[in-house]
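Note that the chains are named A, B, C and D in the order they appear, and that numbering of residues resets to 1 at the start of each chain.
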């Protein structure tokens, strides 16, 4: 076990211990340029000394903005080495958003990847004069800029080497002066409301969570990871920076955003993270591409994928599988799974995580069925990522696993998930009130998410805490949980569930015009508009089946089983951001909808079979009009709740 | 990093009273102009004005009947194109002249031909100096690929590329020669607006980053007026005007013969 | 399907530009070479050596050579038979004039002599192109055959006009003459092919190869990037003729042992090799091997099938064979004008993308 | 002195007569190349095939010569149609070298089929052409056979007929147009495929004539197909697309070859006619790369 308590110290240790092993790679000029630990240590040292030479003081912040590049990662350690704090910023944020961070962090120094970022920083510098020096990594297009506060990375390193030569003890002393509870990084999180908050994490925070997870998952220096998610995001910071140091594995930076998929295939990482959205996109691409394959190949693919759904996940979890299936799965591995994983770049994955939002069980199972050890975790910036995660062999698409090592999790009385552990952030930078609001005196952090533990001790996140309600009989209702379940059906585009303070749950549904339109075409059902298709009896029947499937699922859960959907209706129009029903990021605005369609809600709870509605809508060209419809209200079967069954038997 | 590197230098190429004819057709008569170091020089004129013929004379493909060309202080009437290449003149063509059977990478590598010297015996072994040389030049070529942002098509046979990208590969091949004078024959012909903008940026970047002198033929007046330092106007093989974009724009002969279009279009 | 490329990333240009950048290809080629070098010599007999393997190796060598000229440099030549004759007679003269000279040296020198002759006959390529050049190279074919037939010095003034290879040893193994073992002759020829196959690949993937391809694809543009057409074309003629010359030398020394020029190296020889180039695939080293293998093996199979299975008379079988050969060639040109190399390329691409169609 | 002058005249006339034959074969090449850009290597074998068919029909079926000739013409037209149908149609837009290779494949097929049908032994061909020396010339001391004269006359007649065909008839004009511009040819109202069939038929008939002439003098056997090789230097000299070039070129080659054989043969060895023509043509080409009637091409960039 390493004795280093800060990343710069750990770097020196790695350079001494595994100096000739690759630390990072970048696809540049057509090949994977590689740096070993000893080289990285040199590069960081030169940069750190260079920073000092141009006036970087302990406590100074270094804004880092750009795509995932080794040089930018090195800059993090360099800033830390001389007592400063790196502040990575989302590379796609606009100058105005970036200006807030630069200003709030009181940064005097910034490192930009290229001309695009330099231009933004120059713009910011006009309103935030505190920003003094700007360093750029890629000189392209910057030849004639000429400002004296603008430095090239190479020049800074050159200066640094001179400085190092003149002050040979400086760097070691500076590194030795660092402590575990020094701030190691500040990550700004964009909350849904208000300005971003700067989450302050210490070396201890990052290093201990990184190390705990590394030990749990047995990550070694032979692992490979692809760094392609924003450096300002805590996940990248832990996976591509923290664990890069603690486990000593190699971080690979893609050539450009456009080539990520190709680079993924090149590298074939053993350790991989992607948000559900990316897995979903990959699955869609796979299916679309397979549609164009020759019929024999297509049939082969579907046959073996079916087999994989049946046997693959069980094999992965070490559960019993019949010998025939095992044999067939092995054959499938040669014919389909192996080549498929290979073309996607997933051949070598030992460990893959997804997190951030609920992942569709179909998507989740698809990848696991292929033999990819994909697991869910639950985390946040304030926890240095890990709160809970799924241990090997105990994976369930519904839950996010058990508490991470050294992390305690409990559910507050209002259903909110609380945690504390080694990764808990120190504070929100310059916001003591916000800090106090989130972190109580005993160190418990309020996540804002509502969740519950199942019998196996796995945490299930059901909704935002503030959205969770109760039926009049006290049964818990998590609208988003129910809505997500509905939305996993391709035919359903949006859903809004109600139930707080009512005697049962009811829902609005939007059908997916593309998916249902396809279905209608195949079944020769003519329709002129969304409204017409939505009101079609067969469509209602399909939706009813989906709703009942959701009810059946819900009934398995002793805690939420009571919140099954008794009645629903399919809305006569698509929920639209132009009408204020959705946010611009396409999230349902529950309260607004409840007000706007109050009569429909009344109808759902009054026992009517039909309800007339007139709604003002905004058309694409900005005109306004009124749509009127008589909506059918459909009842759905509900099922006995699992736990109750047990009691009954 | 300072402004003066972009500063225009001495005369690099001087064209003196060039006349060129094919059979009965007089393609160029008595053309004289000069190109200075580091400048972007546009040659414009209506179809059949002799623009391409002019470029062909400069890089030795056509041999003029009269007149002389002075390049880097050396006077000559005619030379073989490969000699022109050796002296540092590279060019692209109106209709892309790539090597269709080769990949993007190989096409650009051919541009390094003159700078590679290891003989065939070393190459047979693909070892030692020959391999080292090959790798060094591959690296240079990769820098150009990076510069022109064509990484994604490195291994694609150029015949399969869309037109706009082919033009970019052709520019890459010319750049690989590290020329002192780069002749571009309608680098933006047949491109959409976005591709044109990209190409403009690349031309300016090349000029700025490498200090390459550029002579270009282009029909898009907006582009010409935007990026060139000086413009020479040809019509029916004669020189009509010569000067800065503003001077040329104001020249009555030019307006009559060629720029019969309103000026605001030219500035778009 | 068989490829597992994920994780085979390149950290240097050396590995990126290697001949077989994919690991699975390296395994396959290693396995193939192991079989060819170790297993085949254990089981080879005289029939297999003389009727199948030596023809294959000799023609593969000649095809490599011609492909360099036609496939890479775009200069059509119909003089291959004549150049093979130069190689054969050069090796005969050299080995009889210097009996102690190592056969390897003899063959290499024969290649050099042929290269020189090739350059001479390549000179017209500077002025003429395409089919004009093809017809011009026929001059080489007819002139050279006439020369070796007419000038007695070339066959050491013997009465028959035939040249006969005396027995020669290489590293203590008898390689030529009737006493040489099939395995020894086979391995000797195989060694040449492996070494020169590699050399050919090295040349075409380097500067010289690109120069040739530039001339082939667009000679005007090639000149404007500084390629001297003279150098490019003549070097292609030289290298190509070297290979063809060595092939001719092998043809005479290890395969037949005795040849009569008008029979052995007539114009059909030229066409034969050109067919191998086209069917194998223009501008492909692998294609050269495949094309040679196909056109050597197919007539043998056809003949065996007709004579041994169908009981067709040998003479009729010969005519049917010629007809079928013609039909097959036309069929191949229609189905895949770019030859086996392209077919393999397509197949490989499919295997790499499996199970996806694109 | 008189003897050597007479000998010179005899040689020259012999050369001219042989040259007419070369022209005839070269004409077959030119027709096809002009109309379709195909270098038809099977031209020689077509002559062999035609002659074999003719002999076969006469021997095996015992039909009179003129009937056999008409039937053979029918076979050659059928052959042209088959070639278009089975081969060319599938190779449209391929590289010239691929088409060239296909014609070599075609040569193999024709040779094999001809031999299979009619046997590969040497056959005498007699369609009633006169034989023996031309008496009045023989009296002058010049040996020229009647057959040679008839052959030359026939060839000349054929060339004249073709010239008329190309200049005066609608189809002929279309054929000439197609060489320059496929679109233009289509506008005449004849499909490209029809044109190809016609061209191949015509050159099949030309091949038949050549086959009859050569077969009458030296028998029908495989070597007959090699006359095609003799005609190739004519093509270099006269150009692949020029009909006058083919005629003049043929004569030059014929005469040059004979002169060389007689006057150079003693110094450099005999049997040089196989290659001398090529060297002659090449030497000419190095001086004038565009050939006899070619125009200087200005390459545009």
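One rule holds in what follows: a residue touches a chain if its C-beta (ideal position, glycine included) is under 8 Å from a C-beta of that chain, and two chains touch if they have at least 3 such contacts.
Predicted model only: the values in this text are computed from it and were never measured.
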| note | Joint neighbours (chain B and chain D) are C
| query | Is the number of contacting C-beta pairs greater for B-C or for A-C? | reply | B-C
| field | Computed distance of Cα centres, chain C from chain B, in Å | value | 42
| note | Rounded to the nearest Å, the gap between Cα centres of chain A and chain D is 79
| task | Could you please state the distance in Å, as a whole number, between where the Cα atoms of chain A are centred and where those of chain C are centred? | result | 59
| task | Using mean C-alpha positions as chain centres, tell me how far chain A is from chain B in Å, no decimals. | result | 49
| remark: Expected list for chain C, residues touching two or more other chains, is 12-13, 220
| request: Mind pulling the residue numbers of chain B that touch at least two other chains? | output: 61, 93, 97, 138-139
| field | Sites on chain D at which at least two other chains make contact | value | 301
| field | Touch list for chain C against partner chain A, complex | value | 1, 3-13, 16, 352-358
| request: Under the touch definition given earlier, write down the residues of chain B that touch chain A in their complex. | output: 1-3, 5-6, 105, 138-139, 142-143, 145-147, 151-152, 154, 205, 208-209
| What part of chain A is in contact with chain B in the complex they form? | 28-31, 140-141, 143-146, 255-256, 258-259, 262
| query | Within the complex, which stretch of chain C touches chain D? | reply | 70, 76, 124, 127-128, 130-132, 134-136, 138-139, 142-143, 145-146, 150-151, 220, 267, 271, 274-275, 278, 282, 315-316, 319-330, 333-334, 337
| request: Over in the complex, which chain A residues touch chain C? Could you list them? | output: 25, 30-34, 224, 252, 265-268, 286, 289-290, 292-294, 297, 300-301, 334-336, 338-348
